[in-house]
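Both of the next two complexes hold chain A, though its partner changes from chain B to chain C.
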Partner chain A sequence: MGDSQYSFSLTTFSPSGKLVQIEHALTAVGSGQTSLGIKAANGVVIATEKKLPSILVDEISVQKTQILTPNIGVVYSGMGPDSRVLVRKSRKQAEQYYRLYKEPIPVTQLVRETATVMQEFTQSGGVRPFGVSLLVAGYDDKGPQLYQVDPSGSYFSWKASAMGKNVSNAKTFLEKRYTEEMELDDAVHTAILTLKEGFEGQISGKNIEIGVIGSDRIFKVLSPSEVEDYLQEAE
Partner chain B sequence: MSRFEESAPARGGFSFDLCKRNEMLVQKGLKPSSYLKTGTTIVGLVFQDGVILGADTRATEGPIVADKNCEKIHYMAPNIYCCGAGTAADTEAVTDMVSSQLKLHRFHTGRESRVVTALTLLKSHLFSYQGHVSAALVLGGVDVTGPHLHTIYPHGSTDTLPFATMGSGSLAAMAIFESKYREGLTRDEGVKLVAEAICSGIFNDLGSGSNVDVCVITKGKREYLRNYMLPNPRTYVSEKGYSFSKKTEVLLTKITPLRELVEVIEGGDAMEE
Partner chain C sequence: MSRGSGGGYDRHITIFSPEGRLYQVEYAFKAVKAAGVTSIGVRGKDSVCVVTQKKVPDKLLDQTSVTLLFPITKYLGLLATGITADARTLVQQARNEAAEFRFRYGYEMPVDVLARWIADKSQVYTQHAYMRPLGVVAMILGIDEEKGPQLFKCDPAGHFFGHKATSAGGKEQEAINFLEKKMKNDPEFTYEETVQTAISALQSVLQEDFKASEIEVGVVRKEDQIFKVLSTDEIDEHLTAISERD
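Now for the complex of A and B:
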């Protein structure tokens, strides 16, 4: 990072002590499509809107929810291409961890490594911060976990969180609906209802994506027909 | 820029400096240490539904048996396994590394790994190390294009065969294959033939021994039959047990616990990180 003539960082402090580039990156995230995550007692669900720019786009080719390891998945809000880079790096880091320690990477470790990468891009020469916030859902020996990672590289563990366009409404909705004893199926229904709140147009299995991980510790992206089933139950 | 003149090892990877030194010493008349024969029999064959791999379980350090029951059939992918002969560290490291690369590739493509992918990753790695990574492999698996069996030599050349053997016991095993192999074997016939070939290596080659491991790979399923046959059990166990001569005195028998029994208090304060 930072070769050729740009050995100085493009992210510099403003007189008020803020890193303006990171603020702008958060704005980019805030104008991205809504995504949210909910940690249930026996699993985690992450979901996102999948609004395509035109009806001509083949929606099967677009997958926003990605798998990082068999027991960790991720969804983003913001710039898709930036998230691709992070997903690729995270997968490699998880694999390197496994090669070194012969155990699957704990969720916190993977989140920390991803956050470190994102921070590096705020302090290196010739690069800009990532324009995505990630929601990482995983299930390891510590149980189900949900983390949000921001463009600055800071990360927080959440019981339920939302990001993107409709973040304030979604978070208020989640605050009202969230209970600690929630089971995974209830969490999926709540996630769907939260997405429905700010959804423009008709919600269906083709324009939202849901990823779940349960006590079987296998992250799975639900197929459109499975999403439709949950949608009908939620009504 | 001066930093481009730094030596390669700063970034990790093999350093060939000592190889140049060794060549220089040989030119000056130093006899290099003789090559240790790779003690192994590994085989593979293609049967009607897939691929069967077999291996013995003896690891040798020169004339000494280092491991009587080691695992020579390595996991590469859910549908691909690899037997390794040669330096055990080299075969383990190379198969581990390519297995990692295949896993990442599966995440990126969302598809099952193909045997030719594993083959190409292995052979390009071995070729780039010019034979210094002493790993001779029998790679087999079943993917969307069908069952495949390949042999890979330490210098990076490969063969695609319906039946293959490698290692010091390869001639003994190949004798069995050449006389009894035919196309379209059933699973049981194939496993029996593989076990026979490995046994031939075990009994006729000093570098191979102990037990037979078999791995059957078919479309969508694999069976790793660890210690499928144990033709060399330890039969000699002295029934008399050990008796000490009368002059031996047992002075004192005392068991000292090294640590007091620790009580776990539920709900205590968590340790601060």
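Now for the complex of A and C:
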């Protein structure tokens, strides 16, 4: 980084001490499609709306939920192209960790390294912050974990969280429904109900995506028909 | 008091505006529309067809050198809509990348991999201040070994999607409305139907009947997988078939 002509940061402090570009990046996230995650006692579920600009778009070609390692998955709210960059960098970092230590990367470490990348883009010359917030779901020796990473590079571990357009309603809904003893199946149902709350139009297996990871430690994106099954149970 | 809009530079380089938007990217989209050309792409059961207007602004120009339809490899085609100069840069880089892919990995670059590469490059321009986004929407077509005919569209924001049919340029929205009606029940078009749907969509949206020399048509078919630019005679056959059908 540090593009030659722009050896100065574009993200600078305002007189009131705010980093305005980061705030604008958060606004970009807040106008993105809703996504959420729930940590259950025996796994994690992450889900997102998948509203496509036209029926002409082939929904099979679009997958918003991505696998970073076999036991870590991620979903985003905000600018899709920016998320692709972060997914690629995270995957590489995970592989480099494995090459060095011959062990799969712990979830916290991967989250930290991804967050570091995001922070660098708020300070380096000639670049803008990422316009995405990420929800990272993983299962390692410490058990199931859910992290949210923001454009500023700050990250927190969550029991349940939501991002995007419908964030406040979704979070209120989650606060009411969340219990620590929840099992993965219940968590998936709760996730679907939360998405349904703010969903404009008819919810179906084709316009939402759900990713789960259980004690088998394998992150899996559910197929549209599996999502449909859960939707029917939730009726 | 805070210098909310970054001193007004949010319109000059790709930094965020207070509403969380990237003005430079939005202006790049406008540049695509302002080029005044509309393009259409349609995916059929075993073929893909793209069509664009051929506007030759000066009679003294050599018509054969005016083109927005480029072969990237023998099997992949790219239709650019927008600023011609930006399109040529993109095509040059795409050709290089596809050739290196073939050399490095020993098999032809698949359609979606090329589309993703172009989209990722476009994303870099939206995040780094030193380069502006390209004023081009690119439609990539080819036959995928496993998935069959594929049509991808990449835009200045770095988005890319696979499409059953799509459009770009001045009359993009009208064309998409037209195509949504035609593709509503997931019809499986034959090669002739694919080409004729694409051409008649363009004619309907621009409300004029074309001569073969006024449009460019590119196709790729499952039977031979090779990307071909149709000759004026071949285009004429399709135009005649359309007018007889109507």
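FYI, the second predicted complex is superposed on the first by the 235 of 235 C-alpha atoms of A that agree within 3 Å, B and C clash if a C-alpha of one lies under 4 Å from a C-alpha of the other, contacts with A are read in each partner's own complex, and residues count from 1 in each chain.
In this text, contacts are C-beta pairs under 8 Å (C-beta built on N, C-alpha and C of every residue); 3 or more make two chains touch, one makes a residue touch a chain.
On a predicted model such as this, the values are computed, not experimentally measured, just so you know.
Novice: Mind telling me which of the two, chain B or chain C, contacts the most residues of chain A?
Specialist: C
Novice: In the superposed arrangement, does A:Pro15 touch chain B (first), chain C (second), both or neither?
Specialist: second
Novice: For A:Val29, using the defined touch cut-off, is the partner it touches chain B, chain C, both, or neither? Pick first, second, both or neither.
Specialist: After superposition on chain A, A:Val29 lies in contact with chain C alone.
Novice: If we overlay the two complexes on their shared chain A, which of chain B and chain C does A:Ile218 touch? Say first, second, both or neither.
Specialist: Once the two structures are laid over each other on A, A:Ile218 reaches no partner at all.
Novice: Of the partners chain B and chain C, which touch A:Ile60 in the superposed model: first, second, both, neither?
Specialist: Only chain C; A:Ile60 stays clear of chain B.
Novice: Do chain B and chain C touch any of the same residues on chain A, and if so, which?
Specialist: 88
Novice: How about chain C: which of its residues touch chain A in the complex?
Specialist: Those residues of chain C that touch chain A are 1-4, 6, 9, 13-22, 112, 116, 119-120, 122-124, 126-130, 152, 157-159, 161-166, 176, 179-180, 183-184.
Novice: Which residues of chain B touch chain A in their complex?
Specialist: Contact set of chain B toward chain A: 96-97, 100, 103-104, 107-108.
Novice: In the complex, go through chain A and note every residue touching chain B.
Specialist: 67-68, 88, 91-92, 95-96, 98-99
Novice: So in the complex, the part of chain A that touches chain C is made up of which residues?
Specialist: Listed in rising order, the residues of chain A that touch chain C are 3-6, 10-11, 14-16, 18, 20-21, 24-31, 52-58, 60-62, 79-82, 84-85, 88, 121, 126-131.
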